[in-house]
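Look for chain A in each of the two complexes below; its partner is chain B in the first and chain C in the second.
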Partner chain A sequence: MSNLSNTIQKYRLPVNTTSMFVIVLFAATLLASMANLLVPVDSALHVSTYTITLLGKYLCLAMLAMAVDVVWGYCGILSLGHGAFFALGGYGMGMYLMRQIGDRGVYANPELPDFMVFLDWGELPWYWLGMDNFGFAMLMALAVPGLLAFVFGWLAFRSKVTGVYLSIMTQALTYALMLAFFRNEMGFGGNNGLTDFKEILGFDLQADSTRVSLFMITAVMLAIGFALSQYIMNSRMGRVVLAIRDGEPRSRFLGYRSERYKVWLFVYSALLAAVAGALYVPQVGIINPGEFSPINSIEVVVWVAVGGRGTLYGAVIGALLVNYAKSRFSVVMPEGWIFALGALFVWVTLFLPKGIVGWVQDRFSSLAQAPAQSQADDDLEEARHDESIMINKELAQ
Partner chain B sequence: MSFFDKALGSTREVMRRDQVWPMLMPDAPKVNVDKDVILYVEGLSVSFDGFKALNDLNLYVNDGELRCLIGANGAGKTTLMDVITGKTQPDEGSVYFGQSIDLLAHKEPEIAQLGVGRKFQQPTVFDAQTVFTNLELSLKTNQGVWSSLTAKISPVESERIDYVLNTVGLQGQRQLLAGALSHGQKQWLEIGMLLVSQPRLLLIDEPVAGMTAQETERTAELLQSLAGEHTVIVVEHDMEFVRSIARTVTVLHQGSVLAEGSMDEVQNNKDVIEVYLGSET
Partner chain C sequence: MKQIMAASCLLLLLLSSGGVIANPASVPSQLTQPSQTILAQSEPQTVQSSTGNSEKGRFAELLQQLTKAKLSKVVKVLEQLEATGDTLVRPLFQILLDGALYYQRDNLRLLAVDKQGDGRLLASDLLSGAALGSVPKKTIKKIRVNNRLRVYLRGALSRLALTDADVAVREAAVLSMLNKLSPANVETLETAATTEADEGVQVLLKLALAMNTLSESSLRNERLAAIAVMQGRLESSVRNQLQALVDNTGEGDLVVKTAAEKALKTIDGKVTAFGYLEQLFFGLSLGSVLLLAAIGLAITFGVMGVINMAHGEMIMIGAYATFVVQQLMPNFLEYSIWVAIPAAFLTAGLVGVLIERCVIRHLHGRPLETLLATFGISLILQQAVRTIFSPLNQTVVTPEWMSGSMEINAVLSVTYSRIYIFIFALIVFAALQLIIKKTSLGLNVRAVSQNRNMAKSMGIRTDRVDALTFGLGSGIAGIAGVALSQITNVGPNLGQAYIIDSFMVVVFGGVGNLLGTLFAGFSLGIANKFLEPATGAVLANIIVLVFIILFMQKKPKGLFPQKGRAAE
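Moving on to the complex of A and B:
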């Protein structure tokens, strides 16, 4: 037994979490992409474009889950409003895609999106200017959620708002944004949102190659986000963040301005969510105020809880599993999903407090400890053996 | 010519390889202790909803002293610590660290960086991280957000951590999670965390609560060895323990100082006897 574990130890590849994650993610992405583009449609191994888009969507949601895990799992900030940053990033991308439609809209107005023509608006509102430039639109898709997170975080953390009060405030934030975006006067398409997109950077959004490219870009961004988050959590900043989670007063009396750490972590997390949102919109083809709904943000927390908070890959696994389950479940019983989700949350909280990843780790470490124990027994036996030889020798003399 | 000389002189100064540039030297906050007093607390009053937790309290602590604060529950010991460390703002009064630093003008993290370390009543260590990391986090380096992203432990800092691990007797538990330590070990780790940050003034709240007799004895030795290099203020209920370490004892009662002096003086003080025995009978 101990020989076996020694051998395993010896031949274990020296891979860390990040490279492991990136390898698995890229392998899966490449396989799926090749199965879509290279394998003929009638083959059993062919992956449909619908599936590719679905996978791309899952990866975006996994990135959102990672963003929530960064603040909740590592710093104890339970944000129930991360959907807001996700949706704002999505609206940034949506505005760009809307401007790309040009005169191909129903009203064939080269300048104004259809809903503005419908509302009898004469010209573009000032905040739509420049959104036809991809670079500028992406900058806005990041800057607006980032700034919102900074202002919100600065006000909340400086006033030492924590725990359930903070969670409620984040819910209020996303709810207020939802109500605002529902209004036609806001100039974001009201409750229909932004949709009917044609192309992105000149590529047809309906084409298989565009779909696969978007999917692969999403995988790359998720990998970058993962590596960056892993770097932050392995640096001293990560250790300070954990210290703030476990004892904020102590960390303050050690000389750390905890509110600054929390604000910057919150901004980083909001940026991750915004990137996820910006990648999500071209793949699903629509963004509407429903994305701001409080229930969406709560759902993200459930994904993280299921996967296991405090490990970045746990959040990703949780998001993928729960969303896959949602896709399957919604086909069978669309109205039942919300109840199933609630039941899942209760079940996980009661029986898997550390999530799936934590549960697997516990099982694994108890397996790993067994050989270590037997090794100690071996040592003890050896020592006894030596001792008995000594005694025998003495007796012989 | 003189300008040239000056320029040459300052260039030489900059190019000298036997010393660090002055601008790169860490500027340790200077605590002015010309008058040998490190902490001035004067006329301090704090009230919570009309209840006077501190009432015109005056306290002076000398540099390098080991001072014990005693007093019944509600005498204001913890409130006093809260005010000194910036957690509570007083209604009236002043708190000066050395001659020149007004502690009331600073927040908790700034006061910690100025060199005031505090140990809580309940041991508060970061359970989810190792003993070593706990000490690393207590290092007095640049504690800003951005520098923490690239921070590495320097050899000097690593030595400092090892030295402190030896001082508090936790070298064997270096890589253990702090949450796995015993109660007494956690108390020592917390004292160690303060030591790593090289504070001038240590505020220690009930260090031996819940300790075994042996652990108490070790803690007493530890605190005595710290006095001199650091100034130590200990709040404690355990009279035996206070007697074993104290040189000067301050008795608090209802938010102000009732008596001050050596343990014997205090124990024979009429007011103290009246308050203590009066409350017991």
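Moving on to the complex of A and C:
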């Protein structure tokens, strides 16, 4: 894995990655938004509101992929349960939106959401109180997943649960949450989840302007998330995190409390996922327990693997590409998509271990610096050897 | 290849020999007999009368009278019929009670008529039982019954049942009378008690009479004696009567009341105890399912260290193999399972070897990538099943000898399929343990898992051992699929339902430890079922999951971690 960072260090892009990423992202966002709002509907250049919403959705998922990349690509923690943090953030936003419906629901009850009326509940459960306040709801949408990540991470990393065991435990975590949220008694709408939202902060959710604004806000949040993650990774903490990824026992012997770094990184990643979830829900218009399903979380990991883990923009590119392919394929041949997705898992792990970004970088560097290649290959070989030893040790533990 | 053949042969041998021990074919046939006999009451009987010729003539004559007699005189004829003691009397009375007794107008032949939904009347001869097909309505006439007759018929039927030659019929008759102790019934029971030879039925008769005494008698001693008889019986009518007595504020005799309360407490205690026993059985049953699902994974994950997310799909393949085998031999469904087990083992095992050769081999030492790749394979396999068969669930027929349940007493009964799956899980476990401990393949597997390089330098072909081990684990998952197809829906998502549980069981028990898997499977199953009454099924599941997550923090290597050099 250290070969990855080596490569990145050696062949760094000439322009600062963060500013480049932000420029590309904002340019695309502005273009798309203007094409929707300013260009007339019948023009060939017009971008439909549906596409805008779809793009917004992609950006949310890209943010989720980035969150997974932060822990997996940079710290070697393969979380198969990041969907849980995403969905919890989404439920936070969903609860706020649900309260905003007020008496416009089917049962026209000003206090209770429809499903509670349907279940014959007398009053709001305590955990729904205050969720009609946007600020409080957003605080909860971040605090709950953050706290969950802290407790889980603190327990797991302190007792040195690593590797596959951790992956399976994160999967069990999201699976347990899915089972819980499917229960009607939980008070989160059970099977159907939360839906039929009307407005956010007084703006109609169906209006074009709201949709475009949400899209732009998502882009800004993604840019902030990217910049922040990049900053963290370049900071002293980021260096330690990389060291932990490449040799946890060694970094511990050097005096770093590896579990503390891991816990805080995990919490940060969960918060990123929660923000993505909170932005996702108003754009998609529904949140249900299906978001907790382990498959969703694993799919996110594949986006990261496809794009190239260990580079933040790689995760974003992977998420955008796979999701774009998904929306195209699943319309044309819904059955074929699952085959394609499954094959993608296998193909990427077998032939593209560094993802698309890594592959392109390898190509680029071998063309540009052919003489340096042999040296780099040697480094790679050595790194790979180290890595396999590390992994064998990890397995034996 | 020789090794895998040897392994599978050994396994089959074990399975089939185990199957002979557990072969249940003869057991249920005895136990299902009562239900058959009860069923037969409403069917025309072909049983020939065992009585002499003159008796036979008398019986036929009475039957003829039945067609002519006025409604008010029918009872007399029926009484005489009952007195003949002919074996046909019971079916005759039952048919008459059901209003299905007709006679042909021209030759006065008695018919049992079955009215079809489309209005056709299917007749069969009462005496010979021969089916006569559909008969026109005009040629036959119904023998009518009124309420008085029905009362008589019911009484007569229970009297006849109490004197039936079959013990089980007599037992069922007494049990059905416990709920309706009319004076007439009591009289019948009293006469039956004087002649009853079977001990079990005699006890039941005494119980019925005691229940009657308790409600009818006014003598304290008699009633106390009755309560003593009723004490500890689990029949619901006994409990209800005692409860009614305790709740009855008009009851004056306090001594009797206290005795009844005490008896009720004993009964309740027994019911609770059997309730726990039932939960324990359910827990063991769930545990055996978990064990079956996880045991293949204990090989691929536990021993080899390969994270196989497609493990659930191996189970699914086994279940579909069962389905296909049943489709191929629709006339031998009873025996299809003996073909399905090897078929499932080979299919799943081959798929496993294929996966190992094509994918997992290249990802050696990269567990996280293996996890992702095998997850992709699981998606492909699921979708393949959806495309080849259908996205819907398929029906797998449960063989006759596996269906039904064994009634241990009034409050406890266990289904056969669960018992067999429990036994099956233990057999599979024992077979696997034997393969790992006693065969050369097992020796190689252990050597490679402990120190790959050393094994290699000793001349073990590690890549072949890898493929065979993975095939073995997958094949065992396939066998689990055969068992699971009997108790759950066989559909594309079958494997998904078990994958997380399987990993939990293996991790909880301690990776690389087959006995740990056994222990973990059963303890998780039992814990789940004992939580269920208090919390509901889903919450119990969640609690167990959370418990394992917390447990892993404390003991990351499971209940029984590997020790010594193997753990390095």
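Just so we're on the same page, the second predicted complex is superposed on the first by the 355 of 397 C-alpha atoms of A that agree within 3 Å, B and C clash if a C-alpha of one lies under 4 Å from a C-alpha of the other, contacts with A are read in each partner's own complex, and residues count from 1 in each chain.
As a convention for this text, contacts are C-beta pairs under 8 Å (C-beta built on N, C-alpha and C of every residue); 3 or more make two chains touch, one makes a residue touch a chain.
Just so it is clear, the structure is predicted and the values come from calculations on it, not from any experiment.
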{"item": "Which superposed partner A:301 touches (first chain B, second chain C, both, neither)", "value": "second"}
{"item": "First, second, both or neither for A:182, with chain B first and chain C second", "value": "second"}
{"item": "First, second, both or neither for A:353, with chain B first and chain C second", "value": "second"}
{"item": "Comparison of chain B and chain C by chain A residues contacted", "value": "C"}
{"item": "First, second, both or neither for A:104, with chain B first and chain C second", "value": "neither"}
{"item": "Touching partner for A:343 - first (chain B), second (chain C), both, neither", "value": "second"}
{"item": "Partner chain(s) touched by A:168 [first = chain B, second = chain C, both, neither]", "value": "second"}
{"item": "Footprint overlap on chain A, where chain B in one structure and chain C in the other make contact", "value": "none"}
{"item": "Contact footprint of chain C on chain A as seen in their complex", "value": "78, 80, 152, 155-156, 158-161, 163-165, 167-169, 171-173, 175-176, 179-180, 182-183, 294, 298, 301-302, 305, 335, 338-339, 341-346, 348-350, 353, 388, 391-392, 394-396"}
{"item": "Footprint of chain A on chain B - complex, ascending", "value": "85, 87, 107-110, 112-113, 117-118, 120, 124-129, 133, 136-138, 140, 143-145, 148-151, 193, 197"}
{"item": "Residues of chain C touching chain A in the complex", "value": "305, 307, 309, 359, 362-363, 365-373, 375-380, 382-384, 386-387, 500, 503-504, 507, 538-539, 541-542, 545-546, 548-550, 552-554, 556, 567-568"}
{"item": "Residues of chain A touching chain B in the complex", "value": "232, 235-237, 239-240, 242-243, 245-247, 249-258, 260-261, 264"}
